[in-house]
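Read from first to last, the chains carry the letters A, B, C, D and E; within each, the first residue is number 1.
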């Protein structure tokens, strides 16, 4: 089976045709992990086929199923069929370039969110799509790559810290979202720091490479904005929804995430205006340097051109030039030149040119 | 009959006077194709007169009538009369510069949309107006030119793929719209690619021709925006309408198109800010080059002007110039000049001028 | 009676004091034309006093009274009194600088609109205020100057073309508005053409006079925007009003005008961004030319300054300069100069300076 | 008693502490004028203590009390107590830097408005705070300084012109507001004229002092905007209020003021974009001049530098320079120089440099 | 216990984990002050443990508890538990970088606000987070640092001035907010003054250090905006809330704060456009100076280059140069040079170059 990656291939496909469009280059089997927990119980296992997980879902315990790898279309289709998720939603889950969005029906609440992270190799802010489904007694998470920010939460469940085990799956749902949003704050603040570093470098020496660096960071800023704006909307929709498996108590916690999202949105807006400021600063520094160059050129030219002219006068070969025969001709001319040079010096000082 | 093309001619015409205003230069007969399909039947034919098609419309099968060519005013008038479409709507269908819009009455839903395509000859994003009418058991499409993106859908009906044959005409209506919108994503992403190519060229050598190229692409960006914004509105109106021949099930699919439209709108907005970025980059590169020129001029002038002055001094013809008679005069002056040049070199290095 | 023209004079005047503020320099008598028509009848006459017209208004025919000339305050006051139009509305009708607006009471619908036209003498987009009153069986139009775009409509009534005679006065009201709005499209598109012409001239040779031309056209663009925005509002208010003498059928036609207004508004917005683009283009072209000048200056200076220095060296009068006595001194120096010039040439080529 | 002027002093003061913050330097007694009028009666007097005025307020006549001078805190406190105006509102009345606002309770309608006027001495648009209270049968106006635009209205009452005497106090209230707003139109149009004058000066000679003049006018523009925007809101609130002492008939007149406010707001917005245009024009003119300077420099340098080099060649002292001994050497070199100069001239012409 | 300061550390912490994130470097015990007052009673004390304060809260007197120092997590947790404040709200109270917000439940109204102050050492506008809780008969304030603007209010309670003692705690709540907002006006106006100072310096001599100063002040402006916008929202929410312990009478006073907030927001917006104006002014001044430099360079070069050329001509060593032998050759050439110089002078004057 040919591995479809380009979005272009999707035109006029029948709706609900699952197509992974992300950055993973090879098709891999999905890794499915199931965590079962209750007030006093805890069980964690990695399973082979999705069918094994269903036995685990009972009404007296909470179940968290985590699927890593969106290229395994078949497994995801099977999960979708079992849980009665509409094919169009499954299509959105595996379309890892989808905008954050919330979809609610009577049995499921699906939040498609984005994990932000800074890739040191590519020196770029990147994102991973994470889809979180909340249903009765079960939370299902879909991740693009291995490795995540959810490990802390797993530990808290494992060691019964922070009260997750005492609450329903809606509280787990909240904690997962909260963890995603907490990361936004960190990444946006680090972006601010990188922009401040850039500012110092520009003040030091405005090389053109720094302008390219600014434009590269602008990508991060814009990309960040594109995630943050719909995420704010998603959180606010969760808050306003009347999904039966989301308690009022948990909604109070969701409101706390809303506060964070307002904060992140403002910070993202700030980085945006920092970019504008950096571009202005770059040009100002370049024009300052240009100014310096012009001043040197003008001082040198303006000082020597008249002197050279005078030297030229006395280099003329006219037979009758009385000054040439005078004993004091040479020292007088040299003295005059020195006076002119001093006059220029005073003039430039007055103009504050140096 | 004189062929009216200029919009100007329309002033104070009685309302409902059909006037084609597009790019087709000659009047051609409209080509009418009829596809009849049901769960187990399929029939496709090209007909001469529109009357032939009506026998085909029955309540147990779906009918798709496609009319290509908007210059054949008479045929279109006839179709309008038969189907009881208001003359003002027919006027909009043949006015191929009309804004995308939705018109709903109790029997018809008319969507005037735009197919985006990139013309390789004119190196420009162009559009074709497509009007889609959904009625009971029938879908009628009007196209400006031959050739379209609907071929894939025709094949799927023909070979009974993707479930169109099992659904009503409202699902066909959805698939046609979806195919139009899918194309937007492709075109906008290719526009992004062309802008990125332009960026590389500017960094390489900022010729003024590239500025014109930017402004040309700006046309594409603006044109794209002008189509995408009302299209988003059209899709959203379809979603909110309560047209009796559009089922709730199909509306869920329309919601998927809405997601695409949000995505396209954002991407179009991105190309807009890319244009701004490119203009800034162009000017930055030009001013960088100017800077380089100034530096060369200043280094050369500042180095040689004082030296030339010194040479001028000893070219003066004064009778009493003791240095001229000195044995070491010439080498001493030459040495002094070298020292001055070295001093300049160190000064420029310190200033990071080269 | 002194002819009041300056708006300043209106401060603290009692409300309802009619004051013409437009461009007509002399007071003229108003010209009153009355057209009476029905399905099978047509009558047209120019009358002296407004009283004559009332006999014409009967319930079995439609009457269109057209008044040209807003300086004839007395006649207009008389009309106002007869038709029971509030003095404040009459004040707005003769205030030919009034913003487009709609005023509806139980008996009258008053639309104050603006006819756009391009004055070839003043090379400027200008407007004429037209007030249209719709009442039971009568339409009254007030114009500032003679000559209008309504002639086509008069002909259609006269020769019973386009169905006006078969409809009520509300349809005439629609046709008058439609004719005004159709003209907007023409004028805005011609404005676009003039801006494109300007663009070509700037690319050809960016003279400062062209910058002034841009700013002059900006006046047209802004003026156009100022008319178009409230007009869109007026049309939309007519559409939403529940004025008893405006039928639902005619409202469907008004909706068509609404489409045109959206189109015009967008086009006006486009001309606005064209102006911005032209200003940018002008500066780019100027800076390109500056760049060219700098390159020529630098190439000439950078080539000749070192050569002149060398010539200066051998123009010094030192007694001991062995090169001067050498047989090959002169040709060697000349050859060296040629080599330096060639080196410069290669350097500039590499820098892509010419 | 120390005269408090600085707003700073107001921090943490108990609410309702009256503090004048305007430009009047000395404390003066308030001047109180009372006008009593009815259909056939008219009486006007200046009184010493506010108590005298109350006897005048009767239900069969209208009373207009005008207080000039906001530094007389005591008198104003007394008026407030008598009329049962809330101390916080009195605080706003004497705070002459307050934003225009409307305050309505069951007995009073208080409009805090701003009179705009151009101060010839300070060459600046300034404003005076005017508070107008409408109550049953009485209008009270508070002014900051003597001298106002209400004189015309007083005359119309005195000589029974314009129908004020036949109407209630709400009509007087309308006339006062109308007079304030009429003045806005005049001032904004004069501001436009001053900006146009500035434009001509910049085109003539772009001195830096003109840039400062632009920034000064920008103050006027911004100040104007700050008054006009809340004023529009105030008028619209009056229109929408259901204050019992404001008749529907008068509200129709208020709607006329609303039209004026829309007009003023648009004009103020125009002046804003005129400022932007002027700044652009200034820079364009400066850069045009710079361009001119560069062209002169380049033409002179480029013409003479090569010629001077040639002269330098033949100024060298080599013993063997055959040209020097040739009879035609001198005229040949001079001729060559002339040819080079002509070549340059043709080159520059072709480049359209002069 | 390690002192957590970095926000980063908060990711995936269980909700309600109190973490101080502000600028205080060391952990200090909170200082708790309790003021008890009634119409005729007043008592003020500093207590050690929060439990002591509760005995003071009785229904016949008002209690104001002030806690200074947010690093003392334990004490604050204890207060939270006693007063039944949700842990998430406590988390916000100690998170001293929180956005201003209002939280209302049936027993408490919590306003998180920011005190603005100018730090002379850091030459920067800074803020302190102040949380104010209004409950039945009690107001609790949390401050970050010692020292505040509430001292005036304490004095007014102590000396029974301004009527606080006669009112309930909601009036105290209003007075505290009013005092915070009054300070905004002062700080924003002082910011305006500092920007005006900067303007004068730039006009005097546009050094690059001033550009950095502008960017520093921009921080203040942006920071100010970030506080003022949500504060306006907080005040408006208080106004619209139906919290039972906030009387209608006090709400009328809150409306007065709303007026102030509109004023502050506008002033903050003004400082924003002042920053833009300053940057423009800086560049204008720099380019003006550049212009001056170019003019001097061009005048000197253009004057002397042709003269030097002439001197070069007569410095050539041709044997046959008749002028050299002429008696009047030297004075004629010198005279010619003077004439050329005068011509240049006149040309430059005409061009208004000096």
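Note that in this section a contact is a pair of C-beta atoms (placed from the backbone, for glycine too) under 8 Å apart; a residue touches a chain by one contact, two chains touch by 3 or more.
Keep in mind it's a predicted model, so treat the numbers as computed, not measured.
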item: Partner chains shared by chain A and chain D (touch criterion as defined above); value: E
item: Same or different residue numbers at the chain B/chain C copy interface, by half rule; value: different
item: Chain centre separation in whole Å, for chain D relative to chain C (CA means); value: 27
item: Shared-contact residues (touching 2 or more other chains) in chain D; value: 290, 294, 297, 301, 305, 308, 312, 315-317, 321
item: Overall pattern in which the protein chains touch one another (line/ring/star/complete/other); value: ring
item: Sequence of touching chains round the ring, chain A onward through chain E; value: A, E, D, C, B
item: Complex contact set, residues of chain A against chain E; value: 149, 152-153, 156, 161-164, 174-175, 178-179, 182-183, 185-186, 189, 203, 252-253, 256, 259, 262-263, 266, 270, 273, 277, 280-281, 284-285, 287-288, 290-291, 294-295, 297-298, 301-302, 305-306, 308-309, 312-313, 315-321, 351-353
item: Touching residues on chain D, where the partner in the complex is chain E; value: 7-8, 10-15, 86, 88, 91-92, 98-99, 101, 205, 208, 211-212, 215, 218, 222, 226, 279, 282-283, 286, 289-290, 292-294, 296-297, 300-301, 304-305, 307-308, 311-312, 314-317, 321, 323-325, 327, 329-330, 333-334
